[in-house]
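Accompanying notes for the structure given below.
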Amino acid sequence: MGKYLRLAFILILALLTGYGVLVTVAELPPYGADTNLTYNQVSERYINGALEDTGVPNMVTAIVLDYRAYDTMFETIVLFTAVIAVLITLKGAQEEGDRK
Amino acid sequence: MLELGMALFSGVTGALVVASLPKATERLRRAVVLLFSVTGMVFSWRVAIKIFNGGNIGIIAQLGGLTWSLDPDPLGAMFGLIASTLWVFAAIYSFGYMERKTRPQTYYAFFLISLSATLGVAFSGNLLALYFFYELLTLATYPLVIHERSADAVKAGRKYIIYSLSGAAAILIAIVLTYIWSGKIDFASGPILVNTMRPGLNLLLALFVGGFGVKAALMPLHRWLPAAMVAPTPISALLHAVAVVYSGVYGILRVVYSVFGRELMGTLSLARKLPWVAAFTILVGVIIATQQDVLKRRLAYHTISQLSYILLGAFTLQPWGLGGAILHMISYSTLKVTLFFCAGIIAERADETAVSRMQGVGWSLPKTMIAFGVASLGMVGMLPLNTFWSKYYLMRGGVQSGQWSLALVLIGSGIINAICFLPTVVASFQGEKAKSSGETGGNTMLMLGPTLCLAGIALLIGLYPGIVWPGVEAVVNRFF
Amino acid sequence: MGLTLADYGTMAMLFMLIVASLAMYFIRDLMHAVIVYGAYTLVMALIWLQMNTPDLAITEAAAGIGMTVMMMVVIYRTSRKEE
Amino acid sequence: MTAVIKTHLPVFVVAAPLFVSFLLSPMARRFGWVQSLVVGVQGLGLLLAVYLAGMILKSSGVPIIYSMGGWPAPWGIELWTGSLGAFFLLVVAGVTLPISLYAVNNLSDEVGDATRSTRFFVLYLLLAGVLAGMALTNDLFNIFVLVEVATISCCGLVSARRGPNAAKAAFNYLILATLGSGLILGGIGLVYMITGNLNMGFAGIALNGVWQDYPHVVWMAMSFFLVGFGVKAALFPLHVWLPDAHSTAPTPASAILSGLAVKGYIICLVKILFGVFEVHLLDVFRLDQILVLLGMLAILAGSILALAQGELKRRLAFSTVAQVGYIVLGFGLMNIKGVAGTLFYLASHAVIKSTLFLAAGALISATGKTHVKDFAGVGRKMPITMGVFSIASLGLVGIPLFSGFVGKWYLLLGSLEVGNLTAAGVIGIGSVLCAIYLFPIIRTAYFEPAPEDDWQDPGVPQRLALVMLGIAVIGLGVLPGPLLQLAQKAAADLLIIP
Amino acid sequence: MKDFVLRRVVALLLPFIQMFGIYVIMHGHTSPGGAFAGGMVVGLGVIGFSTVFGIEQGKTKMPEHVTTITESYGTLWYILMGLVGIFKGLPFLANKLAVDVGVPGELTSGGLIGLIGVGVGIRVASTMVTLFFTMMEEEA
Amino acid sequence: MKILLGKVLINYPYFAAVILFAIGSATVLTRSNLFKKLIGINIMESAIFLMFIAAGSRRDGVVPILHMDDSLRPYINPLPSALMLTGIVVSVSVTAFALALIVRLYRFYGTTDAKRMSDIRNGVAKE
């Protein structure tokens, strides 16, 4: 009984979430339209001013390494963190008496 | 200023001294304890006299972004006076009682901290300081409750902490509500909520009374008190008949007269029901007390009943009622401490804790049982003893408030009190002399002395009630 | 706004993605699942290309291959079957 | 030179620990240098943070805005050192210093040799720097990246403990936290789609204009953020990873995880909720009430679960779940007293919980026991450790003149000001429950006879760290002054009350 | 793996793969791709080499003490590049303003971007290699 | 309903992203094998990337690299791609770390299944 109840609960939750998501998706600005809200002063500057501002023709690189270089700094730090975490996880982590 | 500080800090200082002398001899430790409790008493007396004469002492501190004030008024001074005086007696009694007990250092250190906390409660000038010392008192007395370290004691301590902290939480919420509604929390400038007419005051009163009622052992919040009787006898006597429970009673008096004020209380529907809660506690407490066989438990339930006398007096909102309440605070505490001390001596010397097996104890411990008898008579409200006067004023207050039946409750309770104690006294002087080590021996005088002394004081006040009258008058004048 | 042919192409690729992810859910053999994951990242890279973001496509392809290799290595060294 | 430092102060605060962490790894052989560098940079960080907070206080809350790379707000990323940022920065710097001091010469049992300890310190410094970054950032995507670094370094810190349990806990933590980051990124995406801005201020302004057209999107984004950060901050029904992770981690890691990392996520959530959606939208979508409800649930459930735990560190970990409830509840109150109180509570809990975990770690490593009942008589043999533990416990329970009380007082003020008596009641019940699960530890430690074992207080740096934290607990309770002021300013900024 | 053809092909291809990776790193700002993808390619080249020629052989290409240093200092490089801006009296991470050389659209344009990219590329490559070696390692 | 579905059809990349997200989180939450959880995480993150990129894309757009001759057609929004570059790196890092944890867990438990692991652990605790 409890199992069915749980199943029903999950189902109801899933249906509700699904409906909410559907409505949200329908409500979002239409995909690929030129009226999208993301085309504002921000992207305008990135598209038209990148070469002048940064001297880089590839706008993505201009954003990654100049406009939002701070993010990229943390991006490299993420990798660094992951490497250190991997090393600390695997090297010398075994205690005596561990079994295989 | 100086008196207040000395009175307040003598306990803590003494505790520090005791704690810093772990290898001290028993004699030195006793001297330190006596010195600091006497200091506390002397300076509380000085504070009280100054306050009763219309003086004004106050300390205000800004700590933690909040205002804390110590500013005793006659009511607080009276409470401080009672507590610190009885503390000295209890200290001397402890010297005898703790002779063969373990861990005296811990005991005395927390004993002295409790003195400071109690005086802090008494002298607090705003709700925050009251709350702080109230919490401090809980924490400082907790080690004393579990001093025996037995499973029972630990369980009782747990119960005590849970009850007290729940009460304190309710009080804190109530304090915050008071602060939000009125914008102030200090007692000095008349009742705090005097100009606040709004819905929810009943709830606030319930929170306050519920919170302080835990310590005042108002039924049905009393269950920790009988359990806490596993503590050493001086602690049971002092804390669970005077300091801790009185801090609850004192808190309720404060709430009724300094937070709400009697005018506002008169308009609240809950306030009209509170005397009956007290009356209920009086009767049920004493009836349960008669059923108890273990003497200390009997005394505990009796305490529950007697505390509500004071509350009843306060809840009548009449000058006579309040006067009776204050008088009862004084007289009841002397008598109850005497009773507890006697119980402790009986348990120590005759090794007997059950009421039903007290035959013959009186022959072996005559002085103790005489003191016990005197105190029992007092509890009934017999004339030459101080409680006669307090009960008289309480009844007068009840009548004055137009509730005749309250007086009947008091009379009825007096009769049940007689049933509760007098047969024990009579029985103890019947039959053969019980096995006992008698009243002689090294430390007995240290226990017997304070006991007899307190019984004497009770008699004295009963014969000359005028000696305490100035204090009672000052308190009543403060609020009426 | 009507859908163009390119849109239908994208849809097809998205459908492939969904099928691949479902396959990864159900396939018991972990090595096979990881191979499907490699295909998944490749299709993803194609979608990025379709959406005019070649930077992302190159990175996704490189990262996808790198991760697939890593996972394969680890699966090779641990256990292959899902229990 | 001082002028340069003053201009670039926000950058230095964030970058200094990171800079040092990159230096450490190759110099693992000189472990003494590693340790002194770590402690030194933490001390420097504290100095800088105090200076920055002083600047903010002196200018009465006028934020210092630093544009990265010289690109102004909507295009570049800016560091926004407002009252909230300075406040949290101060907390981070103040708590990480004692914790790193505690870790000095004390990792070989739990973590391992010099190489592993060095890596531990690297992760630790990364976490410290990232938390400082969280305090100052004003950019949605930057928050995501920071949160990711924090997550990985947290999991790394957990898995630094040898043995399989830590790895299991770290894996669960990593998976759930990444699920959370996915949701956070989804929320950021939704916000970006309807506003076109990543800067929180600009996004807020844009959102104010368009939200009526996209109510479901806003609602979805809010719930994404709430659930995503809720998983990371161990908000009650989503706390399942926390007890394992926080109790198996090495002691300094437990302290920083419970004390600061969780709060970092909460600060991020608050920045987004109050900075992007702003009070008006939170009100429209009833998010305040949801926060209060979740907070109350977390307080009760966390405390009761903590009561059921026999292991000391697990009990403390569940206590964190409960305390997160207080903090979330406070933010849901939406008035200046409540929010200021909850910020102060956050700070005091950061100090207290780190203290508790450090003291617990010292107890466990000295006695070799983990169960609450096993610490009989420790109080006399390890006076400093147990004394500090008791002080911190009293603070957590909320005894007046300890730091927890000030926060609780303002929380109560806030909740009763909006007339929410239930919340006030739950806060009261929570502190009673807190006493019930903490006091027995103190009682056994002081009032039960000790066995004959030779238990001792930890070494000098550890004792220094514990004493520093103990003084902070009392100091914040007695003189909260500037920190409370800063919290009040931060609350006013968040609620947009001039 | 002992297969002769595979070994020869990998040995032949390796320089080209590395060259391609370096190209992608260097030209990240004029064409698609970038430091991350390029670094990944370089790293994958080494990984491919060591799968075929054995871990030991691969480790001689990139010994552990080298990767430790490149990882740490590769990330440090980023911050140092950021500090250049501060030394020039500009904000942290200012690129073109700090060092302005070259015509837009050419390799040297974009100020410090190229230099940063090189650092990131080295760091990503060494990361991939370290990860691979660590995973492949026998019991510690 | 029809209008709703029509709008969903227009927004098909978002819809696909949602479905992928759901499948990914279902994989994380219901599969007990650690690799499956990891793959689920990756699916989930790529779903979010898809949503972002779709948000920046436009039908008539071109690659955001400056072309001197092709300036008539608009460029797509380069910001989401730049962000998702970071996102991919993050997911790579998480995957690498999770793989390391799996290796370590396998070394101890000899399995990569979460349920088996807790069984073994409880068994160990009972002994």
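The first chain written gets the first letter, and so on, giving A, B, C, D, E and F; residue counts start at 1 in each chain.
Quick note on the criterion: contacts are C-beta pairs under 8 Å (C-beta built on N, C-alpha and C of every residue); 3 or more make two chains touch, one makes a residue touch a chain.
Nothing here was measured: the structure is a model prediction, and the numbers come from that model.
Visitor: Which chains contact both chain D and chain E?
Guide: Joint contacts, listed by label: A, F.
Visitor: Show which chains lie in contact with chain B and also with chain C.
Guide: Chains that touch both chain B and chain C, as defined above, do not exist here.
Visitor: Pick out whichever of the two, A-D or E-F, is joined by more C-beta pairs in contact.
Guide: A-D
Visitor: Can you identify the chain nearest the overall CA centroid, using each chain's own CA centroid?
Guide: If we average C-alpha coordinates per chain, D lands closest to the whole-structure average.
Visitor: From the C-alpha centre of chain A to that of chain E, how far is it in Å?
Guide: For chain A versus chain E, the centre distance works out to 23 Å.
Visitor: List the centre-to-centre spacing of chain A and chain C in whole Å, with centres computed as mean CA coordinates.
Guide: Taking the average C-alpha coordinate of chain A and of chain C, the gap between them is 17 Å.
Visitor: Would you kindly tell me how far, in whole Å, the mean C-alpha position of chain D lies from that of chain B?
Guide: 44
Visitor: Could you list the positions in chain C whose residues touch two or more of the other chains?
Guide: 1, 7, 53-56, 59, 63, 66, 70, 74, 77
Visitor: What are the residue numbers in chain E that touch two or more other chains?
Guide: 30-32, 34, 36, 71-72, 75, 79, 82, 92-93, 95, 105, 131, 134-135, 139
Visitor: At which residue positions does chain D touch at least two other chains?
Guide: As it turns out, chain D has residues touching two or more other chains at 18, 22, 25, 68-69, 141, 145, 148, 152, 155-156, 159, 164, 167, 170, 192-193, 198.
Visitor: Pick one for the touching-chains graph, please: line, ring, star, complete, other.
Guide: Other.
Visitor: Go through the chains and record each pair that touches.
Guide: Those chain pairs which touch are A-C, A-D, A-E, A-F, B-D, C-E, C-F, D-E, D-F, E-F.
Visitor: In their shared complex, at which residues does chain F touch chain A?
Guide: 4-5, 7-8, 10-15, 18, 54-60, 64-66, 74-75, 77-83, 85-86, 89-90, 92-94, 96-97, 99-101, 103-104, 107-108, 110
Visitor: Which of the residues in chain F come into contact with chain C in the complex?
Guide: Interface residues on chain F, with respect to chain C: 9-10, 12-13, 16, 19-20, 23-24, 26-27, 31, 33, 35-36, 38-40, 42-43, 46, 49-50, 53-54, 56-57, 59, 61-65, 76, 80-81, 84-85, 88-89, 91-92, 95-96, 99, 102-103, 106, 111-113, 116.
Visitor: Per the contact definition, I'd like the list of chain D residues that touch chain E in the complex.
Guide: 4, 8, 11, 15, 18-19, 22-26, 66-70
Visitor: So in the complex, which bits of chain E are touching chain D?
Guide: By the definition above, chain E touches chain D via 65, 68-69, 71-73, 75-76, 79, 82, 85-86, 89-95, 97.
Visitor: Sort out for me which residues of chain A touch chain C in the complex.
Guide: 30, 32-33, 58, 60-61
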